[in-house]
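Below you'll find the structure, written out as C-alpha coordinates, and then a few comments.
A, B, C and D are the chain letters, set down in written order, and residue numbers restart from 1 in every chain.
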Amino acid sequence: MIKIRFFAALRERLDCSQYLLQCDSNSQSVATVLEQLKGHDSLWHQELSRTDLLCAVNQQLVPLSAAVRDGDELAFFPPITGG
Amino acid sequence: MIKIRFFAALRERLDCSQYLLQCDSNSQSVATVLEQLKGHDSLWHQELSRTDLLCAVNQQLVPLSAAVRDGDELAFFPPITGG
Amino acid sequence: MSVFVAVQCDDFCLASEYDELRRHSACGAVVTFSGLVRELSNNILHSMTLEHYPGMTEQALVAIAEQAQQRWQLGAVHIIHRVGTLKTNEQIVFVGIASAHRAAAFAACEFIMDYLKNRAPFWKKEHTAAGDYWVEAKASDQQALARWE
Amino acid sequence: MSVFVAVQCDDFCLASEYDELRRHSACGAVVTFSGLVRELSNNILHSMTLEHYPGMTEQALVAIAEQAQQRWQLGAVHIIHRVGTLKTNEQIVFVGIASAHRAAAFAACEFIMDYLKNRAPFWKKEHTAAGDYWVEAKASDQQALARWE
(Lines give C-alpha, C1' and ligand atoms only; values in the text may rest on other atoms or scores of the structure.)
Protein backbone atom coordinates (compact mmCIF):
# COMPACT_ATOMS: atom_id res chain seq x y z
CA MET A 1 0.00 0.00 0.00
CA ILE A 2 1.08 3.56 -0.72
CA LYS A 3 -0.41 6.28 1.46
CA ILE A 4 -1.23 9.29 -0.68
CA ARG A 5 -1.87 12.72 0.80
CA PHE A 6 -3.23 15.90 -0.76
CA PHE A 7 -2.89 19.40 0.66
CA ALA A 8 -4.36 22.90 0.43
CA ALA A 9 -6.25 23.90 -2.75
CA LEU A 10 -5.64 20.46 -4.27
CA ARG A 11 -7.09 18.71 -1.19
CA GLU A 12 -10.15 20.94 -1.39
CA ARG A 13 -10.71 20.51 -5.11
CA LEU A 14 -10.33 16.72 -4.94
CA ASP A 15 -12.28 16.73 -1.67
CA CYS A 16 -9.76 14.18 -0.44
CA SER A 17 -6.92 14.44 2.05
CA GLN A 18 -5.80 10.81 2.14
CA TYR A 19 -6.02 7.96 -0.32
CA LEU A 20 -4.64 4.43 0.01
CA LEU A 21 -3.37 2.94 -3.24
CA GLN A 22 -2.86 -0.77 -3.74
CA CYS A 23 0.71 -1.28 -4.83
CA ASP A 24 1.26 -3.80 -7.62
CA SER A 25 4.98 -3.55 -8.22
CA ASN A 26 7.80 -3.20 -5.70
CA SER A 27 9.03 0.10 -7.06
CA GLN A 28 7.56 2.57 -9.52
CA SER A 29 7.99 6.23 -10.35
CA VAL A 30 5.83 9.00 -8.90
CA ALA A 31 4.78 9.73 -12.51
CA THR A 32 3.38 6.21 -12.88
CA VAL A 33 1.38 6.52 -9.66
CA LEU A 34 0.14 9.93 -10.80
CA GLU A 35 -1.14 8.41 -14.07
CA GLN A 36 -3.04 5.78 -12.08
CA LEU A 37 -4.62 8.49 -9.90
CA LYS A 38 -5.68 10.52 -12.94
CA GLY A 39 -7.82 7.55 -13.97
CA HIS A 40 -10.04 8.11 -10.92
CA ASP A 41 -12.33 10.52 -12.79
CA SER A 42 -12.21 13.58 -15.03
CA LEU A 43 -11.87 16.01 -12.10
CA TRP A 44 -8.86 14.11 -10.75
CA HIS A 45 -7.44 13.93 -14.25
CA GLN A 46 -7.70 17.68 -14.61
CA GLU A 47 -6.37 18.58 -11.16
CA LEU A 48 -3.48 16.11 -11.24
CA SER A 49 -2.41 17.29 -14.69
CA ARG A 50 -1.41 20.74 -13.46
CA THR A 51 2.18 21.43 -14.34
CA ASP A 52 2.90 23.31 -11.13
CA LEU A 53 2.05 20.32 -8.92
CA LEU A 54 4.71 19.53 -6.30
CA CYS A 55 5.31 16.12 -4.83
CA ALA A 56 7.03 14.62 -1.80
CA VAL A 57 8.01 11.04 -1.03
CA ASN A 58 8.37 10.32 2.66
CA GLN A 59 8.16 14.05 3.35
CA GLN A 60 11.00 15.05 1.03
CA LEU A 61 10.39 17.16 -2.09
CA VAL A 62 11.19 15.00 -5.15
CA PRO A 63 10.79 15.21 -8.94
CA LEU A 64 8.12 13.09 -10.67
CA SER A 65 10.84 10.71 -11.79
CA ALA A 66 11.55 9.64 -8.17
CA ALA A 67 10.81 6.08 -7.06
CA VAL A 68 7.93 5.12 -4.72
CA ARG A 69 7.95 1.83 -2.85
CA ASP A 70 5.38 -0.16 -0.95
CA GLY A 71 4.77 1.50 2.42
CA ASP A 72 5.91 4.95 1.29
CA GLU A 73 4.02 8.15 1.97
CA LEU A 74 3.45 10.11 -1.21
CA ALA A 75 2.08 13.67 -1.17
CA PHE A 76 0.89 16.04 -3.88
CA PHE A 77 0.31 19.73 -3.34
CA PRO A 78 0.18 23.12 -5.08
CA PRO A 79 3.11 25.59 -5.02
CA ILE A 80 4.08 26.66 -1.54
CA THR A 81 2.83 30.02 -0.21
CA GLY A 82 4.00 30.19 3.40
CA GLY A 83 6.40 32.58 5.07
CA MET B 1 38.07 82.38 12.06
CA ILE B 2 37.69 78.71 11.13
CA LYS B 3 36.93 76.31 13.95
CA ILE B 4 38.93 73.12 13.45
CA ARG B 5 38.09 69.90 15.26
CA PHE B 6 40.01 66.64 15.56
CA PHE B 7 38.56 63.30 16.60
CA ALA B 8 39.55 59.87 17.91
CA ALA B 9 43.12 58.65 17.34
CA LEU B 10 44.04 61.89 15.54
CA ARG B 11 42.77 63.98 18.46
CA GLU B 12 44.85 61.89 20.86
CA ARG B 13 48.02 61.96 18.77
CA LEU B 14 47.83 65.73 18.22
CA ASP B 15 46.68 66.15 21.82
CA CYS B 16 44.20 68.68 20.49
CA SER B 17 40.45 68.55 20.03
CA GLN B 18 39.79 72.12 18.86
CA TYR B 19 41.88 74.71 17.12
CA LEU B 20 40.90 78.20 15.95
CA LEU B 21 42.52 79.28 12.72
CA GLN B 22 42.75 82.90 11.62
CA CYS B 23 41.21 83.17 8.21
CA ASP B 24 43.05 85.35 5.67
CA SER B 25 40.99 84.85 2.55
CA ASN B 26 37.25 84.61 2.15
CA SER B 27 37.29 81.15 0.68
CA GLN B 28 39.98 78.52 0.38
CA SER B 29 40.17 74.77 -0.10
CA VAL B 30 40.40 72.26 2.74
CA ALA B 31 43.73 71.22 1.23
CA THR B 32 45.11 74.76 1.69
CA VAL B 33 44.03 74.84 5.33
CA LEU B 34 45.55 71.41 5.84
CA GLU B 35 48.91 72.64 4.49
CA GLN B 36 48.79 75.55 6.95
CA LEU B 37 48.09 73.15 9.84
CA LYS B 38 50.97 70.87 8.84
CA GLY B 39 53.29 73.81 9.45
CA HIS B 40 52.47 73.66 13.18
CA ASP B 41 55.28 71.18 13.90
CA SER B 42 56.73 67.91 12.64
CA LEU B 43 54.22 65.78 14.58
CA TRP B 44 51.28 67.65 13.03
CA HIS B 45 52.96 67.41 9.66
CA GLN B 46 53.23 63.64 9.98
CA GLU B 47 49.72 63.06 11.36
CA LEU B 48 47.99 65.38 8.91
CA SER B 49 49.82 63.82 5.95
CA ARG B 50 48.06 60.45 6.40
CA THR B 51 46.32 59.52 3.19
CA ASP B 52 43.36 57.93 4.97
CA LEU B 53 42.40 61.19 6.73
CA LEU B 54 38.73 62.11 6.38
CA CYS B 55 37.38 65.62 6.53
CA ALA B 56 34.04 67.34 7.09
CA VAL B 57 32.99 70.93 6.50
CA ASN B 58 30.03 72.01 8.59
CA GLN B 59 29.46 68.39 9.58
CA GLN B 60 29.26 67.03 6.04
CA LEU B 61 31.91 64.65 4.66
CA VAL B 62 33.76 66.42 1.82
CA PRO B 63 36.85 65.86 -0.35
CA LEU B 64 40.01 67.91 0.30
CA SER B 65 39.15 70.05 -2.71
CA ALA B 66 36.03 71.42 -0.97
CA ALA B 67 35.85 75.11 -0.05
CA VAL B 68 36.06 76.44 3.53
CA ARG B 69 34.80 79.90 4.42
CA ASP B 70 35.19 82.21 7.37
CA GLY B 71 33.00 80.92 10.21
CA ASP B 72 32.93 77.32 8.97
CA GLU B 73 33.52 74.29 11.16
CA LEU B 74 36.18 72.04 9.69
CA ALA B 75 36.90 68.59 11.10
CA PHE B 76 39.61 66.01 10.47
CA PHE B 77 39.42 62.43 11.64
CA PRO B 78 40.64 58.89 10.94
CA PRO B 79 38.56 56.30 9.04
CA ILE B 80 35.25 55.55 10.71
CA THR B 81 34.93 52.41 12.85
CA GLY B 82 31.46 52.53 14.40
CA GLY B 83 28.52 50.21 13.96
CA MET C 1 26.19 26.28 16.22
CA SER C 2 22.66 25.77 17.51
CA VAL C 3 19.47 25.32 15.48
CA PHE C 4 16.00 25.86 16.87
CA VAL C 5 12.93 25.18 14.73
CA ALA C 6 9.26 25.35 15.70
CA VAL C 7 5.91 25.05 13.90
CA GLN C 8 3.18 26.24 16.22
CA CYS C 9 -0.29 27.79 16.51
CA ASP C 10 0.81 30.03 19.37
CA ASP C 11 2.27 33.45 18.85
CA PHE C 12 5.99 33.95 19.43
CA CYS C 13 7.92 36.65 21.23
CA LEU C 14 10.67 38.36 19.25
CA ALA C 15 12.32 39.64 22.45
CA SER C 16 12.75 36.13 23.91
CA GLU C 17 14.22 34.84 20.67
CA TYR C 18 16.58 37.79 20.48
CA ASP C 19 17.70 37.32 24.08
CA GLU C 20 18.67 33.74 23.29
CA LEU C 21 20.37 34.65 20.03
CA ARG C 22 22.55 37.34 21.60
CA ARG C 23 23.78 34.96 24.27
CA HIS C 24 26.27 33.62 21.71
CA SER C 25 29.11 35.74 22.98
CA ALA C 26 31.34 35.30 19.94
CA CYS C 27 28.59 36.83 17.81
CA GLY C 28 28.72 40.52 17.01
CA ALA C 29 25.68 40.51 14.76
CA VAL C 30 22.06 39.45 15.16
CA VAL C 31 19.65 39.77 12.22
CA THR C 32 15.95 39.01 12.59
CA PHE C 33 13.17 38.76 10.07
CA SER C 34 9.49 38.85 11.04
CA GLY C 35 6.71 38.25 8.57
CA LEU C 36 3.31 39.72 9.44
CA VAL C 37 -0.20 39.42 8.03
CA ARG C 38 -0.31 42.54 5.89
CA GLU C 39 -3.34 44.79 5.75
CA LEU C 40 -4.19 45.11 2.08
CA SER C 41 -4.86 48.57 0.71
CA ASN C 42 -8.43 47.69 -0.21
CA ASN C 43 -8.85 46.57 3.38
CA ILE C 44 -10.77 43.45 2.43
CA LEU C 45 -8.54 40.95 4.23
CA HIS C 46 -10.05 39.75 7.50
CA SER C 47 -7.70 36.92 8.34
CA MET C 48 -5.82 34.01 6.84
CA THR C 49 -5.45 30.34 7.62
CA LEU C 50 -2.11 28.62 7.28
CA GLU C 51 -2.20 24.94 6.41
CA HIS C 52 0.94 22.82 6.54
CA TYR C 53 2.18 19.27 6.12
CA PRO C 54 2.89 18.13 9.68
CA GLY C 55 6.16 16.28 9.95
CA MET C 56 7.48 17.46 6.61
CA THR C 57 7.47 21.15 7.59
CA GLU C 58 9.74 20.64 10.59
CA GLN C 59 12.14 18.51 8.52
CA ALA C 60 12.16 21.07 5.73
CA LEU C 61 12.95 23.92 8.13
CA VAL C 62 15.80 21.99 9.76
CA ALA C 63 17.18 21.14 6.30
CA ILE C 64 17.08 24.81 5.28
CA ALA C 65 18.82 25.87 8.51
CA GLU C 66 21.52 23.26 7.91
CA GLN C 67 22.08 24.46 4.36
CA ALA C 68 22.58 27.99 5.69
CA GLN C 69 24.99 26.67 8.28
CA GLN C 70 27.05 24.99 5.56
CA ARG C 71 27.32 28.23 3.58
CA TRP C 72 28.07 30.69 6.38
CA GLN C 73 29.72 30.66 9.79
CA LEU C 74 26.73 31.00 12.11
CA GLY C 75 26.39 30.93 15.88
CA ALA C 76 22.66 30.24 16.05
CA VAL C 77 19.64 29.91 13.78
CA HIS C 78 16.05 30.18 15.04
CA ILE C 79 13.06 29.55 12.76
CA ILE C 80 9.46 29.74 13.97
CA HIS C 81 6.46 29.41 11.67
CA ARG C 82 2.88 29.68 12.83
CA VAL C 83 -0.07 27.70 11.47
CA GLY C 84 -3.83 28.07 11.94
CA THR C 85 -5.89 31.23 11.61
CA LEU C 86 -4.16 34.61 11.93
CA LYS C 87 -5.59 38.13 11.82
CA THR C 88 -4.20 41.27 10.19
CA ASN C 89 -0.89 42.40 11.72
CA GLU C 90 -0.33 39.08 13.51
CA GLN C 91 3.11 37.49 13.30
CA ILE C 92 3.46 34.60 10.84
CA VAL C 93 7.13 33.73 10.70
CA PHE C 94 10.38 34.52 12.52
CA VAL C 95 13.94 33.89 11.39
CA GLY C 96 16.79 34.96 13.65
CA ILE C 97 20.51 34.59 13.04
CA ALA C 98 23.49 35.19 15.32
CA SER C 99 26.88 35.38 13.66
CA ALA C 100 30.32 36.85 14.21
CA HIS C 101 29.89 39.10 11.16
CA ARG C 102 26.98 41.06 9.76
CA ALA C 103 27.34 40.00 6.12
CA ALA C 104 26.89 36.33 7.07
CA ALA C 105 23.94 37.12 9.35
CA PHE C 106 22.12 39.13 6.65
CA ALA C 107 22.81 36.59 3.90
CA ALA C 108 21.78 33.58 5.99
CA CYS C 109 18.56 35.24 7.15
CA GLU C 110 17.50 36.18 3.62
CA PHE C 111 18.60 32.78 2.24
CA ILE C 112 16.44 30.98 4.81
CA MET C 113 13.39 33.13 4.01
CA ASP C 114 13.87 32.60 0.26
CA TYR C 115 14.13 28.83 0.70
CA LEU C 116 11.32 28.67 3.23
CA LYS C 117 9.02 30.48 0.79
CA ASN C 118 9.67 27.79 -1.85
CA ARG C 119 10.51 24.60 0.02
CA ALA C 120 8.65 24.47 3.34
CA PRO C 121 5.12 23.07 2.86
CA PHE C 122 2.88 25.89 4.08
CA TRP C 123 -0.14 27.24 2.23
CA LYS C 124 -2.11 30.42 2.91
CA LYS C 125 -5.84 30.81 2.47
CA GLU C 126 -7.11 34.37 2.74
CA HIS C 127 -10.49 35.17 4.21
CA THR C 128 -11.84 38.38 2.69
CA ALA C 129 -15.10 40.23 2.35
CA ALA C 130 -15.27 38.81 -1.18
CA GLY C 131 -14.83 35.22 -0.01
CA ASP C 132 -12.03 32.78 0.78
CA TYR C 133 -9.26 32.06 -1.65
CA TRP C 134 -5.93 30.28 -1.72
CA VAL C 135 -2.96 32.57 -2.20
CA GLU C 136 -1.19 32.09 -5.54
CA ALA C 137 2.54 31.43 -5.49
CA LYS C 138 4.56 34.46 -6.61
CA ALA C 139 7.09 34.31 -9.43
CA SER C 140 9.24 36.75 -7.43
CA ASP C 141 9.61 34.14 -4.68
CA GLN C 142 10.89 31.59 -7.18
CA GLN C 143 13.22 34.13 -8.74
CA ALA C 144 14.61 34.97 -5.30
CA LEU C 145 16.13 31.48 -5.15
CA ALA C 146 18.14 31.96 -8.33
CA ARG C 147 20.80 34.15 -6.78
CA TRP C 148 21.73 31.46 -4.22
CA GLU C 149 22.34 28.80 -6.85
CA MET D 1 7.35 56.73 5.84
CA SER D 2 8.75 57.53 9.30
CA VAL D 3 12.40 57.92 10.27
CA PHE D 4 13.65 57.69 13.84
CA VAL D 5 17.31 58.27 14.65
CA ALA D 6 19.03 58.37 18.05
CA VAL D 7 22.60 58.63 19.33
CA GLN D 8 22.63 57.83 23.02
CA CYS D 9 24.65 56.49 25.97
CA ASP D 10 21.69 54.49 27.26
CA ASP D 11 20.94 50.97 26.19
CA PHE D 12 18.02 50.37 23.83
CA CYS D 13 15.26 47.79 23.86
CA LEU D 14 14.83 45.76 20.68
CA ALA D 15 11.30 44.72 21.69
CA SER D 16 10.08 48.34 21.97
CA GLU D 17 11.58 49.24 18.60
CA TYR D 18 10.04 46.18 17.02
CA ASP D 19 6.61 46.96 18.51
CA GLU D 20 6.73 50.39 16.90
CA LEU D 21 7.98 49.07 13.57
CA ARG D 22 5.26 46.46 13.25
CA ARG D 23 2.53 49.03 13.85
CA HIS D 24 2.85 50.00 10.18
CA SER D 25 -0.08 47.87 9.11
CA ALA D 26 0.72 47.91 5.39
CA CYS D 27 4.07 46.30 6.19
CA GLY D 28 4.40 42.54 5.94
CA ALA D 29 8.12 42.46 6.73
CA VAL D 30 10.27 43.72 9.59
CA VAL D 31 14.05 43.21 9.49
CA THR D 32 16.26 44.17 12.41
CA PHE D 33 20.01 44.30 12.81
CA SER D 34 21.72 44.47 16.19
CA GLY D 35 25.44 44.94 16.58
CA LEU D 36 26.98 43.73 19.85
CA VAL D 37 30.38 44.04 21.51
CA ARG D 38 31.90 40.73 20.50
CA GLU D 39 33.91 38.60 22.90
CA LEU D 40 37.19 37.92 21.14
CA SER D 41 38.48 34.36 21.10
CA ASN D 42 41.56 35.28 23.10
CA ASN D 43 39.22 36.83 25.65
CA ILE D 44 41.37 39.91 26.12
CA LEU D 45 38.68 42.48 25.38
CA HIS D 46 37.31 44.07 28.53
CA SER D 47 35.24 46.89 27.03
CA MET D 48 35.24 49.55 24.36
CA THR D 49 34.58 53.26 24.22
CA LEU D 50 32.70 54.80 21.34
CA GLU D 51 33.59 58.36 20.45
CA HIS D 52 31.51 60.34 17.98
CA TYR D 53 31.16 63.77 16.40
CA PRO D 54 28.07 65.23 18.11
CA GLY D 55 25.77 66.93 15.64
CA MET D 56 27.34 65.37 12.59
CA THR D 57 26.45 61.81 13.61
CA GLU D 58 22.71 62.52 13.86
CA GLN D 59 22.76 64.32 10.48
CA ALA D 60 24.71 61.48 8.89
CA LEU D 61 22.27 58.86 10.18
CA VAL D 62 19.25 60.81 8.92
CA ALA D 63 20.95 61.25 5.52
CA ILE D 64 21.61 57.49 5.31
CA ALA D 65 18.00 56.70 6.25
CA GLU D 66 16.78 59.10 3.57
CA GLN D 67 18.99 57.52 0.95
CA ALA D 68 17.51 54.12 1.80
CA GLN D 69 14.04 55.60 1.59
CA GLN D 70 14.79 56.89 -1.92
CA ARG D 71 15.93 53.47 -3.10
CA TRP D 72 13.24 51.27 -1.58
CA GLN D 73 9.60 51.56 -0.58
CA LEU D 74 9.84 51.59 3.22
CA GLY D 75 7.25 52.07 5.95
CA ALA D 76 9.64 52.94 8.77
CA VAL D 77 13.34 53.17 9.51
CA HIS D 78 14.79 53.20 13.05
CA ILE D 79 18.49 53.73 13.70
CA ILE D 80 19.97 53.83 17.21
CA HIS D 81 23.69 54.06 17.91
CA ARG D 82 25.20 54.08 21.36
CA VAL D 83 28.27 56.03 22.48
CA GLY D 84 30.40 55.87 25.63
CA THR D 85 31.87 52.79 27.27
CA LEU D 86 30.32 49.40 26.53
CA LYS D 87 31.18 45.96 27.89
CA THR D 88 31.33 42.61 26.11
CA ASN D 89 27.94 41.50 24.76
CA GLU D 90 26.39 44.95 25.18
CA GLN D 91 24.33 46.35 22.32
CA ILE D 92 26.08 48.96 20.13
CA VAL D 93 23.77 49.63 17.21
CA PHE D 94 20.23 48.88 16.06
CA VAL D 95 18.74 49.25 12.59
CA GLY D 96 15.11 48.27 12.08
CA ILE D 97 13.10 48.41 8.85
CA ALA D 98 9.40 47.90 8.20
CA SER D 99 8.38 47.38 4.59
CA ALA D 100 5.61 45.82 2.53
CA HIS D 101 8.06 43.30 1.07
CA ARG D 102 10.96 41.36 2.53
CA ALA D 103 13.48 42.02 -0.25
CA ALA D 104 13.25 45.79 0.33
CA ALA D 105 13.47 45.36 4.11
CA PHE D 106 16.60 43.18 3.91
CA ALA D 107 18.30 45.38 1.33
CA ALA D 108 17.57 48.64 3.16
CA CYS D 109 18.77 47.26 6.50
CA GLU D 110 22.07 46.01 5.06
CA PHE D 111 22.52 49.20 2.99
CA ILE D 112 22.12 51.34 6.10
CA MET D 113 24.64 49.27 8.06
CA ASP D 114 27.15 49.39 5.19
CA TYR D 115 26.81 53.17 4.91
CA LEU D 116 26.79 53.72 8.65
CA LYS D 117 30.08 51.78 8.94
CA ASN D 118 31.73 54.13 6.44
CA ARG D 119 29.94 57.45 6.72
CA ALA D 120 28.70 58.01 10.27
CA PRO D 121 31.46 59.52 12.45
CA PHE D 122 31.91 56.95 15.22
CA TRP D 123 35.22 55.54 16.39
CA LYS D 124 35.89 52.55 18.64
CA LYS D 125 38.66 52.27 21.16
CA GLU D 126 39.13 48.82 22.66
CA HIS D 127 40.25 48.31 26.23
CA THR D 128 42.13 45.03 26.55
CA ALA D 129 44.49 43.29 28.97
CA ALA D 130 47.29 44.36 26.60
CA GLY D 131 46.29 48.03 26.69
CA ASP D 132 43.95 50.41 24.88
CA TYR D 133 43.96 50.77 21.13
CA TRP D 134 41.88 52.38 18.42
CA VAL D 135 40.15 49.91 16.13
CA GLU D 136 41.49 49.97 12.58
CA ALA D 137 38.99 50.46 9.75
CA LYS D 138 38.36 47.24 7.82
CA ALA D 139 38.81 46.99 4.06
CA SER D 140 35.75 44.68 4.01
CA ASP D 141 33.58 47.54 5.29
CA GLN D 142 34.73 49.76 2.44
CA GLN D 143 34.22 46.97 -0.08
CA ALA D 144 30.69 46.43 1.24
CA LEU D 145 29.74 49.86 -0.15
CA ALA D 146 30.76 48.97 -3.69
CA ARG D 147 27.73 46.83 -4.42
CA TRP D 148 25.35 49.73 -3.74
CA GLU D 149 27.03 52.07 -6.20
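Note that a residue touches a chain if its C-beta (ideal position, glycine included) is under 8 Å from a C-beta of that chain, and two chains touch if they have at least 3 such contacts.
Just so it is clear, the model here is predicted, and its values are computed rather than measured.
Asker: So with chain D out of the way, what's still stuck together?
Answerer: When chain D drops out of the picture, the chain contacts leave these groups behind: A, C | B.
Asker: In whole angstrom, how far does the Cα centroid of chain C sit from the Cα centroid of chain D?
Answerer: The computed centroid separation for chain C versus chain D comes out at 23 Å.
Asker: Can you compute the centre-to-centre distance for chain A and chain D, using the mean CA position of each chain? Integer Å is fine.
Answerer: It comes to 48 Å between the two C-alpha centres.
Asker: How many angstrom lie between the CA centroids of chain A and chain C, rounded to a whole number?
Answerer: From the centre of chain A to the centre of chain C is 26 Å.
Asker: Going by the contact rule already set, what residues in chain A reach two or more other chains?
Answerer: none
Asker: What are the residue numbers in chain D that touch two or more other chains?
Answerer: Residues 35, 113.
Asker: Can you give me every chain pair that touches, using the contact definition above?
Answerer: Once each pair is checked, the touching ones are A-C, B-D, C-D.
Asker: Give the list of chain D residues in touch with chain C in this complex.
Answerer: For chain D paired with chain C, touching residues are 14-15, 18, 22, 25-39, 41, 88-89, 91, 100, 102-103, 105-106, 109-110, 113, 140, 144.
Asker: Within their complex, state which residues of chain C touch chain A.
Answerer: Chain C residues touching chain A: 35, 50-53, 55-56, 59-60, 81, 92-93, 113, 116-125, 134-137, 141.
Asker: Could you list, by residue number, the parts of chain B that touch chain D in their complex?
Answerer: Those residues of chain B that touch chain D are 5, 7-9, 12, 52, 56, 59-61, 75, 77-83.
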